């Protein structure tokens, strides 16, 4: 019975073995986890945000644990697009799973330059545009519909690959931003990025993060993320990748019932590197138990009368 | 990655020694490496907690920890037979050189945790090599001790927090003690013991673990005498395996170029002269 | 030493024994908790939102527990302002602690009528205007600066009591809304209300709340709330009441260091009815230990270089 | 509100009986009331869990619970001597009338939990009155049993889940059993036992606790014969004390006007005829 369940997912042209992805910034370049898990079992890997030049990231401390959550202020510490091409992407071609490159820039121009640098590079299944990093300066595109649409248009022009726009939850109405990205040419929307937040050390009276504020991720934010995925998936025609606090198959299924065609696992990788793999199995069992033959059958079927 | 607890005892006020059944992954562990432990199956606390490998006795891994917050508090309540989710060994350990002597080991407070394993390993220099070749696993412990000049300096607040003295002695190390209040050994900091020790005889290699202020002093003293010094550092960790870039500290390379390095993967043991101490300590 | 610490707090004219309040909707009318705790030890009680007419609230289930959080969709179930005046307020005059009435309406007109109904009623120390309930229809004033300002202006005209505007975190920039409320005549800002969110039962494929979506509260949202309090307290001149996930004195102190002049305890009352009382003691100990003579000395002193 | 656990035993697969030392607050408890228990000191699970008072033996309160999720799982791991944070007794219990007979008690599965305390109390009718007056607390249990016609009907899936039969018998109740699979007593639902029972002899009062579908049937059967029936209901709780309005169910008053009532404070015991069953069951 279990065998007959079809988990394959076509996310805007990215063909995945299953709908469970590893979220940007939480899975490195796949290599570190390779000794702990079988990367091939995961639907796709989204790489850490890459920028035009290498970036050092923020002053430590960069992490604080909060109730059922993790606050981070990494600050897009990365090796830069040229090193990515030279050192990482070649090795990833044999990863056996689609690789999605996540890009970030301080302004439209930088985004465009990164996407240009990636043109014709082999072994990239898709591009995720990070409009929403809470830990760096620059325009927060995800908080302004016009800016978001403009950015997508510019990236779109240079990019033949499937294009995923990654949104921030810190907005009044996320459907407006999602629609703007759709209009700008995005092939899919992914949400949510971590939530702007902070924590204070009452003894030193200083912020617990070197960067003062950071982004909240993990189970704490899951109910917020589920609602946003539900709203966005009703508002746009392109597929949605849901994330935010997914720890288990049941969490992933919540997102899919709410309308996510695929899901991404972030913080949970740190807690249990096998999470994504276990979720793939769990979704399979759920589908089989409930008489579904294909994972697409549960996408958006939430009965919200 | 589920491992069974064999014992978990309070050996000093608030300090526990826990031994878990864990061999497949652990047998190749090097001193200075750590294990990453999930203290609760709930979402709070969410993250794993890093603890240095304190002892590696065939089939088992021992850790030594102080209860400081909710993670370690939960750990301290685990009982024999309970199962723990552990990843590891992780990180890069102490880079020991076979021929250099004397080796000086400096432990401040809980810093003793990784250093006992280091001493065990130093005294059985080729233990790992042999293990991989011929010896059956359960006979590793019975390997003969080497005769090496290993000097262990232990410091703590008071007598009751001087840990592992007997274990080091049994291995054949010389042991000197300092306590802040003079309740045992010399009164004062362990860094004074160290100062005396290297004044008397220049060390071949120095390995230290303890409070940051102490490590910085040991690093400075070692630098003054041009002695190689390795320190084991702590930092708040996310993944523990090198992907999140959350645990970084700023270091300078031999070429003078500074940059962030990951405590979990490039460390936790660093060459003390590469650590930018001011920056490291001010940010904690 | 402990004795000499001054906890008294004057919140925009509301004189409180200490800065720890009970949050609206989580403390009823004080009577239910009276047998479990000494209400006099709390700085002030904010009553459940009251409306012009009695309201039945939302269809159950109204609660779901989430990781370190609580999702609620009560829907302003309340007895109405007339019953409040007749049945509750007289008894509360002897509560021995200031009573703040929290009001809600579907539109400006309803808010105004509620405030009119409360004119000259004895025993009210202040009014909290709920601009931000996530669980009911009507305009969400807290998501529109102009609407918020207009509402405050209208209520202000009819209200001589200290006026607190309660904001929603589901906005792009909360400082804009806070400033609009200040301009509209608010004497204080309180934040945050619960965060719009949802949870799904994967077995039934239905939302776990009868109302589909609800508001997330509890420790899960604390890091989000602390950041907003920090930002708002820098942006406005009027005092800020901080809330969202406060469980302990240390949590409360985080909010105060971030800039809150007072704090409110919500969900934690359900977990431990003594929370507010324990926090009062904990703040006293903290001040004494750290050499402060008055609680006002820690407000906003976060060192965020 | 910190109470010490005296015992916590698995009495059937996944079902535990826990006894805690708790008297000051509990001695005035009425059958049908519940206690509100914090299962973890972490933030996950965050909320307390409501459990009916199962037994009230001087100085102690007993609860009977099934492990269904993380809260009850954590509870089941507590040991004798551990301390629990408990609020209660809370809620309104069964409204028993002294003179009406026979009393029929219908328990489905875990529904037996509050009903044993009810039977104990029925058999010692004025126990509470006397307790408040003269008798020293530790002699309450030795009060003589009343002779009352109390008929207990217990239903469960299989034999192993038939709980408390002996306890009811010892109190002097008549006991009839039904199991879904016929492994013990009559095969079928306990509602059939009830149907037979009231057909043979009209009950004075009916008290029931168990799955909602069963309660609705018992309520309907009682209504047809105009027998007063009280049911103990469950709903997800926030505060447990009546302030959050989170636990409400829709009921209709005698005047026909319907409205929400709080399970925690107006219940958990309700007159079965006031419950709007369709609405209640469809929303769970």
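Points to keep in mind about this one:
Going in written order, the chains are labelled A, B, C and D, and every chain counts its residues from 1.
Simple rule for what comes next: a residue touches a chain if its C-beta (ideal position, glycine included) is under 8 Å from a C-beta of that chain, and two chains touch if they have at least 3 such contacts.
All values derive from a computational prediction rather than experimental measurement.
Per-pair tallies of C-beta contacts place A-C first. The distance from the centre of chain A to the centre of chain B, each centre being the mean of the chain's C-alpha atoms, comes to 36 Å. Each chain gets a centre from the mean of its Cα atoms; for chain B and chain D, those two points are 55 Å apart. The distance from the centre of chain A to the centre of chain D, each centre being the mean of the chain's C-alpha atoms, comes to 48 Å. Shown for chain C are the residues in touch with two or more other chains, namely 64, 67-69, 218-220. Contact with two or more other chains is made by residues 43-45 of chain D. Because contacts link each chain to all the remaining chains, their graph is best described as complete.
Here chain C touches chain B in the complex through residues 67-68, 219, going by the rule given at the top. Across the complex, chain D is touched by residues 25-28, 32-33, 36, 48, 56-57, 59-65, 67-70, 72, 74, 77, 210, 218-220, 247, 267, 269-274 of chain C. Of all residues in chain B, those touching chain A in their complex are 1, 38, 43-48, 85, 87, 235-250, 259-260, 265, 283-284. Partner chain C is touched in their complex by these residues of chain B: 43-44.
On the chain C side of its complex with chain A, the touching residues are 64, 66-69, 71, 143, 170-173, 195-200, 202, 204-207, 212-213, 216, 218-224, 226-227, 230, 245, 250, 253-254, 257-258, 286, 298, 301-304.
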